[in-house]
Each structure stands twice: as C-alpha cells, then as structure tokens.
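Note that chain A is present in both complexes that follow, paired respectively with chain B and with chain C.
Let's turn to the complex of A and B:
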C-alpha cells in the first residue's frame, strides 16, 4: 500500500480537502492507498515515511527525493486529469 | 450541522485597493463579530505572504485566506464579492498573479469537524457554472441559500 502525504501551510484547510478529494478518487478506482494531510513544517521530519508527496505550497517540488505531484489542480480542476494520471502512475509503481 | 455562513459575514460589492488592505479589513470584521482573536488579523496577513491562497479558478477567480486554528473562537466562512478584482498571488508560489473577485475567508478550528463542508465548498471551485451562479447572486440571503445548498 502506498502512503501519500498532502502538505499545505497549516495542514488545516487546503491539504485536508485535497487529501479527501484524492482519497475518494482512489477509492473509486479501487486503489489501495493511505493518505494523510500534514503541515509543511513537520513534513521534513516525516517525508521518509511516505511514498508519494502531493505539494500545495511553494516551489519545493525538488527539495524532497520523492515522486511529487501538484495538489492545486485537484482544487481548481484545471489540469487535474494530467496530475491524476501522474499520481496513478506513481501509485502503481 | 450549524451553518458556517452568516448574513453579517457576507459582503457584496466590497471595495479595496489591494490585498493587504482587503485582508486586514475582512479579518477585522471577523474579529469584531467575535469569531476570531485579535491575533487572527496578523496571522492572516503573514500566512498569505508565506503561503498565498489565490486560485485561478474557471469563471471567477478567487482567494481563500485562512489562518491557524489557535486564532479562531468560532468557525465561520466570510464571503466577499469584490467590486473590482484585487491582485493576489497564486497558491503554490507559482509566482503567478490572481485577479480575485471572490474571497472566502475561512475561520477554521478543528478541520476534521468541517472537512466535509470545506471539501464541498472547494468542490465548486472547479465548477465554472456554480461559481458564476454564486458570484452573480446579488442578495445576501440568496447567496447563503445557494452556498448552503452546496455545503449541506
């Protein structure tokens, strides 16, 4: 089972929402994943524990050596299909 | 579940010159109505600078400023429709500008309580028709009804 972290500034609103959206999308497709919303400040300490990182804050995509997708398309719907395909390919790795 | 929307927190044709002034004024309304602590105002400004919340949503561009739960007394969503768009930065620090016309300022305590409502609110961000419908509503009560229909 793949572990996915979604991080935003405070871990209260955006990351929770994106996490819940991705969670239901995975469920619909029968993908077995564990998704957690975390705040960006604790991410550094726990990033090793996840397989895939969904980024909502800053241009930190390259800081972590983890497969990374952008979470914002899951909010706006713009470009969501591409990010979803990317995410699925990481889940199925 | 009690509604997160309140008539005194719906602002129509709100005027502001820039995002900082706008955020300060909107946060002050929440503070004066007893929803948030004084510290919420600075927290909103600081957070927006570090983690911008503008979204280039289809139809109506928006921003959803919010701050940590410790600054909040009572949960609520303030809705402001702007007379003229105000420049925000896009969430995710793409560096892109967002000319926001609609503001959802969130006062959130335990996100788990309202995850469903927040998810539903954000679910309309990707639906151009629904966003436009909310944006084009000119009556506070009707606007709350429309949003409640989405949230409940």
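Let's turn to the complex of A and C:
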C-alpha cells in the first residue's frame, strides 16, 4: 500500500481538502492507499515515511527526493485529469 | 417553538451540529453511510477540541497565574490559536447559512463582472461566520452580522483580483489567487511599507531568507514553540525545574494536538465543501476567472516563515510592555507564529524580508489590542453556544486575528460607536489608496511580461 502525504501551512484545511478529494477518487477506482494531510513545517522530518508527495506550493519551493505531483489542480479543477493520471502511475508503480 | 429550539441548541454544538450535518448531507444526495460518518466526525471534532483545550488550560492556567502573581502584569487571556476559534464560529446557530450567502454573492459579482475571482475555499467560510457572529453579538442585530459578513466576502473577492499578479510572480502558480481574510490587512500594511520608504538605506539591505529558514526553521514547528513559551511562562512564574519541564511538554502537546483535532472539522465538512465548489465551478464553465484559494499555496515562500519566527520575541516583549500600559491582557501562544501578518506583508513589502519583518512588527500592537478587546466577547460566545468549556476568570484569546482593524471596526461601527465608524472610514480611505497603488503595480508587472 502506497503512503501519500499532502502538506499545507497547518496540515488542516487545504491539505485535508486535497487529501479527502484524492482519497475519494482512489476509493472510486479501488486503489488501496493511505493518504495523510501533514504540516509543511514538519515535512522535512517526516518526508522519508511517505512514498508519494502531493505539493501545493510552487515547484521550486520544496523539493524532495520523492515522486511528486501538484495538488493545486485538485483544488481548482483545472488540469486535474493530467495530474490524476500522473498520481495513478506513481501509485501503480 | 422557541422552547424546542432552545432545547436543541442547549444540547450543545457537539450534538446538534452533527444532526444538522447528517440531514444536510442526505438532502445533498450523499450516501447514508458517508453522511452519518461526516456528522459523527463533526461531533467528535467539537468534543476533541474541548478535551485538548481543557488539557491546555489545566497545564497553562496555574503557570499563568503564578506569572501574574510574580510580576504583577495582568495577562488573563490565553491565545488559543485559530482552531478553537473556528469551532466557536461553527457552533453559531446560523453558521450553515453562510455557505449559500457567500456563494450567492460570489456568483452575482461574477455575473455582473465586478470580480474575476471564484472563491472555492469553503473552509474559510468560518471567517465570515466568525465576523457575523461577533457583529451580531456586539451590536445585537443579526442583519448587521450578515451585512458585515457580506462586506468581508466582497472585499475578499476584490482584493483577490488585486493581488493575483503579485502572487503569481512569487509562486508561479497560474490561475489562482488568495481570498483568505488575512489579506484584507494589506492596505494598512502597504501604508506601513510607505512609511519605511522614508528610512534611508533600507533598500540596500537584503536578507537571505532561504539560508535563514534552514537555520531558524525548527522554531516554526508547533512543538518547539509550545515548549519554549510554556517553559518561559512557568519560568517567569517561579516554577522549579520539574514544574517548568512539565508545563513546557504539556503546552507543546496541546500545540501539536490542536491541528490534529481541527483536521476532523475539515474531514467532516469536506464532502459538503467539495459539492458546493463543484457546483460553483460548473456554473461558470467557459468564463475566464481566477480560482480563490486558502493561503497555504503561498507557504512555500520561506520569507513568511522566517519573518514570523523573527518577530516572536517582539510579540512577547510588546505583550508585556503593553500590558503594563493597560492595553493588553493576552499571552501569545498558539498563534505566536503569526502568519496572518507575515503573509500579507509579503505583498506589502514586495518580498523584501527586512521590510516584511518591520511591517509585521509595526502591525503587532494592533493584533494585541484587538485580541484583548475581543477576548471577553469570544469567551462569552464560546459559553453561550456550548462550543467550548471555559472556567470563570479565564479568557479565550486569539492573537492572529486576521484583518483585526477591519473586524474590530465593523463590530463597533455596527454598534453605533464613533470610534468604530472612524476606523471604518479610515480603512475605506486606505483601501481606495491601495486600490490605485495596486493597479499601478499590476500594470508594471504586465509591462514586464
């Protein structure tokens, strides 16, 4: 089972919105994942514990050695299908 | 009818809101299982918030009392951060009405071309519920409460249009802007920034925010900040080592648990928020607009964290100095990393770290004043809505008040107070000046492209 982190300023609102959205999309497609909203301030300490990172900040701001997708399309709906396909390919790796 | 209504409200937010939530979910076509889970999660969120808040008060109240006795400074309100304040807002009996209210204003303004911003951030509807409940409480009029919330909704959208280009320049994320109420303080912060222009040499100093973030980043973590402030209060209160260490670790525990509990609110509200935002997006297919989001897409800018950490000692110092002048009762704690000022300062200071720090310091007294002024009101609200249990003599405060001048002004202007009306007039003038200034800035950004 793949572990996915979504990070935002407090690990509560934006990250949880994206996490809930992705979680229900995975459920609909029968993908078995553990997805968690986390605090961006503690991300450096815990990033090793996840398999896939969903970032909601700009591309150059937090770079980790993890497969990364952008979470913004899941909020705006624009370009969501592409990002979802990318995420699925990481989950199925 | 009134008796029934009062009985239901008297059951407490943790009981009646889950019921409303389940009914609302079923009406919106949610599956029974999902609707019940969402409702129960909401009840757990309220109860959990009380558990953590009670734990934190038990840990910090004796230490705070000891501090007051030791030093003679009056600090009776404790900064609990946004999470418990949001739960007071959600417990307001008219809270749910704010969803259609905000959505309707947004759709009308888009239809009339008064804004290009579609605000899909339905979590921060609580910020509008908060102002509506405060204004209603202070002025005694529900209508004034909703008018105040309407003013906030409109300003958030107009401001979202104004700051979009600068936000893009910082984040490089296209098609989005920020409609968080914290940005409604930008006009005042821009005025502070203008004052800084008169200090010679200020533009020559450039601080390296990425380097500083690596060194100072640890202080931004809730656990470390809770530990330090807990130890500080217990230490000044004259506790021995064991007492200091115990208070410190308990306060740190509360700081880390608050967001974990707040996450439950979000989990409960996510299905409704998602349905509502999909509804809004579908209404305007084909029209060009910016999507208004909550602030964290800006959280990748290291400047906002560095500035927030650097102003912490100043916040504590001002809290003490102002309390001796009789202007402050608040112990800064859960929102001591005050991003509500440093994030809009990013726009006002145009990303210059030194300016952001100075602007944030200049604004800090306003936060302490407003937090102190609203502490008794918020505490009474918490008790009246049965959202949170607070012992007598103890006050709930919130340092990172998000647009404090505007909210204070609205509450007191609608109460017919001259000072409130004066603040609102001054803010209106600041907004007009800021509007013109931002149009010039946006034009130069366009020309650069």
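Methods note: the second predicted complex is superposed on the first by the 89 of 93 C-alpha atoms of A that agree within 3 Å, B and C clash if a C-alpha of one lies under 4 Å from a C-alpha of the other, contacts with A are read in each partner's own complex, and residues count from 1 in each chain.
In this section, a contact is a pair of C-beta atoms (placed from the backbone, for glycine too) under 8 Å apart; a residue touches a chain by one contact, two chains touch by 3 or more.
Worth saying up front: this structure is predicted, and the values here are computed from it rather than measured.
Overlay on chain A: chain B and chain C clash in the combined arrangement. When the shared chain is aligned, chain C comes close enough to touch A:41, but chain B does not. Judged by the touch definition given at the top, the superposed model places A:80 against chain B, while chain C stays out of reach. In the overlay built on the shared chain, the residue A:56 is in contact with chain B and with chain C.
Of the two partner chains placed around the shared chain by superposition, neither chain B nor chain C is touched by A:25. Across the two superposed structures, the residue set of chain A contacted by chain B and also by chain C is 8-14, 16-17, 20-21, 37, 40, 55-59, 72, 75-78. Residue ranges of chain B in contact with chain A, taken from their complex: 47, 50-51, 53, 55-58, 64, 66-69, 90-94, 106, 108, 111-112, 115, 118-119, 122-123, 125-127. Chain A makes touch with chain C in their complex at residues 8-17, 20-21, 37, 39-42, 44, 55-62, 72, 75-78. Contact residues on chain A toward chain B in their complex (touch as defined above): 8-14, 16-17, 20-21, 37, 40, 55-59, 70-72, 75-78, 80. Across the complex, chain A is touched by residues 83, 120, 123-124, 170-173, 175-176, 217, 220-222, 259, 262-263, 265-267, 270-271, 273-274, 278, 281, 291, 293-302, 305, 339 of chain C.
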